[in-house]
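I have a structure here, written as structure tokens, and I will follow up with some questions on it.
To keep things simple, chains are lettered A, B, C and D as they appear, and every chain counts its residues starting from 1.
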Amino acid sequence: MTRVGIMGATGYASADLMRLLLGHPAARITALAGRPEKTLRLPEMFPQFAGRLDLAIVPADPAHLASACDVVFVGLPHAAAMEYVAPFVAAGLRVIDFSADYRLKTPGLYEKVYGHPADEANLRHAVYGLPELYRDEIRPARLVANPGCYPTSAILGLAPLVREGLVAPGDIIIDSKSGVSGAGRTPKLLTHYPECNESLQAYGIGDHRHQPEIAEQLSRVGRVAVEVLFVPHLAPMDRGIESTIYARLLKDLKAADVADLYREAYRDEPFVVVRSEPPSTKHVLGTNYIHIYPTVVGGRAVVSAVLDNLTKGAAGQALQNLNLMFGHEETAGLK
Amino acid sequence: MTRVGIMGATGYASADLMRLLLGHPAARITALAGRPEKTLRLPEMFPQFAGRLDLAIVPADPAHLASACDVVFVGLPHAAAMEYVAPFVAAGLRVIDFSADYRLKTPGLYEKVYGHPADEANLRHAVYGLPELYRDEIRPARLVANPGCYPTSAILGLAPLVREGLVAPGDIIIDSKSGVSGAGRTPKLLTHYPECNESLQAYGIGDHRHQPEIAEQLSRVGRVAVEVLFVPHLAPMDRGIESTIYARLLKDLKAADVADLYREAYRDEPFVVVRSEPPSTKHVLGTNYIHIYPTVVGGRAVVSAVLDNLTKGAAGQALQNLNLMFGHEETAGLK
Amino acid sequence: MTRVGIMGATGYASADLMRLLLGHPAARITALAGRPEKTLRLPEMFPQFAGRLDLAIVPADPAHLASACDVVFVGLPHAAAMEYVAPFVAAGLRVIDFSADYRLKTPGLYEKVYGHPADEANLRHAVYGLPELYRDEIRPARLVANPGCYPTSAILGLAPLVREGLVAPGDIIIDSKSGVSGAGRTPKLLTHYPECNESLQAYGIGDHRHQPEIAEQLSRVGRVAVEVLFVPHLAPMDRGIESTIYARLLKDLKAADVADLYREAYRDEPFVVVRSEPPSTKHVLGTNYIHIYPTVVGGRAVVSAVLDNLTKGAAGQALQNLNLMFGHEETAGLK
Amino acid sequence: MTRVGIMGATGYASADLMRLLLGHPAARITALAGRPEKTLRLPEMFPQFAGRLDLAIVPADPAHLASACDVVFVGLPHAAAMEYVAPFVAAGLRVIDFSADYRLKTPGLYEKVYGHPADEANLRHAVYGLPELYRDEIRPARLVANPGCYPTSAILGLAPLVREGLVAPGDIIIDSKSGVSGAGRTPKLLTHYPECNESLQAYGIGDHRHQPEIAEQLSRVGRVAVEVLFVPHLAPMDRGIESTIYARLLKDLKAADVADLYREAYRDEPFVVVRSEPPSTKHVLGTNYIHIYPTVVGGRAVVSAVLDNLTKGAAGQALQNLNLMFGHEETAGLK
């Protein structure tokens, strides 16, 4: 039985992780921790856990967590995360971090994008936790940087084409739409119900922080410098991301060729489904699946990829990583 | 041309009022005012007015408003409203107030419910602005207290029965459901999209501040002490109130009798439609109409009344009051 | 390992049952059946099962199902259900029926309400599958009538008061609000997105078919003839029911007394949570829990009960019944 | 007073047109017509018009309409529309057609896209009703083809760049998201509430019928053969379209240059607002405005354009055309 701690237990990704862990056959939540405030009970924060998970959220103490847990998930904003990850790793804990603090490997990139120095010592050995690409590195990792929600959809949506060098690495557009839970649990006008209900809008055009994350990973996959133009949108729904991806083909491929390529690439993946028509975000709601529909229009590959931003885009993928790290069946608690 | 000022121009009711005034043939917005902060342009607060109504919102000055306007609408929280209403009235302005500050006439009731002393001087001559009940008093009024959104649905939903003494005055239940805009424009967890989307819940059971307002008005209508049990609910939609009302009948009336009573009572009302099946809030979305369906089940009158909480429940009704006060056709700008 | 068949595999309750069964440690879906049409694969009907449950839906054959399954869930409209339940029972299968065909025990009541003769032979031994009331009868049952979604919220919301004779049996009002999935999967204007989104309306006032079901069960609980006035509403959300219940108290009870009564009554129930503030439907979304908040206002008990209409209101409760019938832990697959 | 008839009065665009006409100072609805069925009253189809517009919908008769109306709006599916438009024009009526039947001018294109022969005789003199491009041709037109909703957003979103030859005519991608009312009022599984709520999905990738309409118009604007890759998406909201447009720049323009170009191009347009941040569909809800935000990212112009698909995308634009055709102020009834 893997003993699990959750640091930063008050966000949506953490709540989704708890939901999933309640059904896991071989992992158990043994500690919930938060940033120094008053102790409170989980159901006060999330009434959905009343009667199901009545734990206290206590101030984080590395020594205590190291004795109570085998692994800690850290669900904190960037820069805040590394303040806890470093001492947790030092205390011997294995860590799965939801933030962006350990995702960017290119020297200097993290600081450039996030305006804060990187934790170089731990960044060096951190593994980018996308199982479909890095399963073998994840298994022994001490520190896993859980991918961003948008990047997961974009990278898996493009990897088969990029890996084979079939698309122009400088002509890729990713138009993504996300549910509102992706914006976090802190109330603000943008996410106030009467503002964002019945409303769809673009934001962060060309300067969203997930753009370098996507580009860095695709560059690794393609062994070539890949650039992407990424435009996210806020859509009036709780959960879900749909990314429509446009990439100029370097060869004359038909839709069927591209479909075959994707089916072959993801044949053994337990959570990737290659569809033969455009999927809806609802088809993956609450699950760890990503559905991908690739086609070709006028010399461009067009790919629609959908996932649940809190599950495959965060908590589910994190649990998939835990399964790999602790030798459980990769799909345990996720089917 | 009636010159209109709006004090507290940053809330949803004020925004709906501006929307309506843009289409009014005989009234024009001449001033937008706010509480002492920095001046800003309306489209910075409400981008929907970009290119349509590019006015500055300036700190409120009674003398300036008195010279620029014939009437001022005040859209501020209770207690804050009276700080502005009193000097506006003193400066010779006619005022239509959206808050609860001038609604409750029973001595001491305002202070008991809102925990703040009433502005007795102006409360004395304020008129409760429900045209279907008080049209003649509204016409010459200097100060109109615009009714609450829930009370408008409940009072109009019950008035025909209560006026005729047909229901037991101590056995009335009002179960209301409101869209989220009724909770105002200040972000908070309750109205954060991922919390209240796909969610319906009761709140303020038996102690909502609109309960005494409903009871006081129905007591006037029925010339008897009426008590109501009022339970509001928050429903996942922007706008709209549905009130289902249960009242024990004192006579053996059939559904058709009650329907006839309602049709007769509202025959000449331009904004009340008596329906022969239960209405949806969507049937009145964005309009000043209230649709009412009365029936009888097992000795109880059951009435479903729907309105748009921002229009007939606030801004539309306020404009209806303006029309009465300034001699315009009652439906001007509202059809 | 309990082998499970699902007859009528194309409705929302059946889909939710499959979702839950995929995570059940001791039950496995071995057959999906439908009414005589062409065979199709489940993911063609429900793309969310692509890659997870790729079974064919075949025409129902009692002999085949009896060999492949230990139990069959029947998810068909009333009257259609009994055409399959009877031969299934005859073939030795245990059956859990989602329809209303075996819920009403009062002689003649089923035919009166549903306009179709009852299957008297099987009705006689059918058990009403509400575990909180009939756990012991459910364990050995051959045929379980799974309760309606509204009735589950209303009966559990009232049972503690009615059992103790604390409320007037003729003065009970149940005002319920349901998400749209409760209306089934057949497209019609009422449930067309642009019609019911941003819309709330009452329907079936006083003549909904769940009213006699609620009254019959509460009469059994209270050993007295209980009448209820039931008014359902359609709310713009996928899932969830909130029932606000008003019942005149026969004793002078305080809110705390009633809360204590409920906590005591449900102390050992794994899926009933007595809350100390009004719950939201979102607190139980996707779960088998019912959250109940009881209070007292002016001589009336007011109770707000919420559940997910597809889970505790249908599939989850059905699985809870399966667990009881086959000796699994009652919460297996449902935590 | 312009006398208006509406043929095909049962769709969403027609209903929005009626809403707008009720507030028009110089136009009045004098006839509602439908396809041969039984006569019914408008409020039976659209309860929101109860008490506001209680007209009968009668079978269409060109002679009757010609005597009762100056202009007829035709709101019918493609191919069905021309069956009525031709006789209406022959009877001397001026016609504004909502369908695609008179939009495509390239010889043979209509038949290729819609699989039905064009009405060549009337197609010849039909005017594409986009006032921002063809104001002068619309004024005297006998037949106006009202533009598609997606095309309006795409054409106005691109026209300033295409007109000046600043973008590569073969490298344009249009990623659009539409509310569900765009799919019409006929219930089907795709638009059944529990299917499309909390759901976002692409459809018609690269083969939507609005793609040739966009390309033809942009080719006229740019006097060069323009090709576009158009991908629409269904978003969970009633109304609204957001189009994010990607076009490769042929010159080294900065974001400020492009913004200046757009502001200059639309300086005198009453319904086009050039914004300095990405707009939301909610900013134009229920209005005839289009908000456009243009910027530049890495050598591509990126433009986000939003409009209400039923207003500027259909009924509002149609009314704008009526105003031009009958000499009313262009914004009459639309402010």
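FYI, a contact is a pair of C-beta atoms (placed from the backbone, for glycine too) under 8 Å apart; a residue touches a chain by one contact, two chains touch by 3 or more.
All of these numbers come straight from a predicted model, not from anything done at the bench.
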| By label order, what chains touch subunit B and subunit C together? | A, D
| remark: Check: chain pair from B-D, A-B or A-D whose contacts match over half of those in B-C is A-D
| said: Please identify the chain with the largest separation between its CA centroid and the CA centroid of subunit A. | reply: B
| Between A-D and C-D, the pair with more C-beta contacts | A-D
| task | Let me have the rounded angstrom distance from the C-alpha centre of subunit A over to the C-alpha centre of subunit C, please. | result | 36
| query | Where the CA atoms of subunit C average out and where those of subunit D average out, how many Å apart are those spots? | reply | 46
| remark: Distance between the CA centroids of subunit A and subunit D (whole Å) is 39
| field | Multi-chain contact sites of subunit A, meaning residues that touch two or more partners | value | 179, 196-198, 236-238, 279-280, 282, 285
| message | Quick check: in the complex, which residue numbers of subunit C touch subunit D? | response | 12, 179-181, 185, 187-189, 191-194, 196-198, 236-238
| How about subunit B: which of its residues touch subunit C in the complex? | 173, 175, 177, 179, 195-203, 205-206, 227, 229, 231, 233, 235-240, 242, 244, 246, 278-282, 285, 293, 295, 297-298, 300, 302, 304, 306
| message | Quick check: in the complex, which residue numbers of subunit C touch subunit A? | response | 22-23, 25, 47-48, 50-52, 198, 270-271, 273, 275, 279-280, 282-287, 289, 291, 335
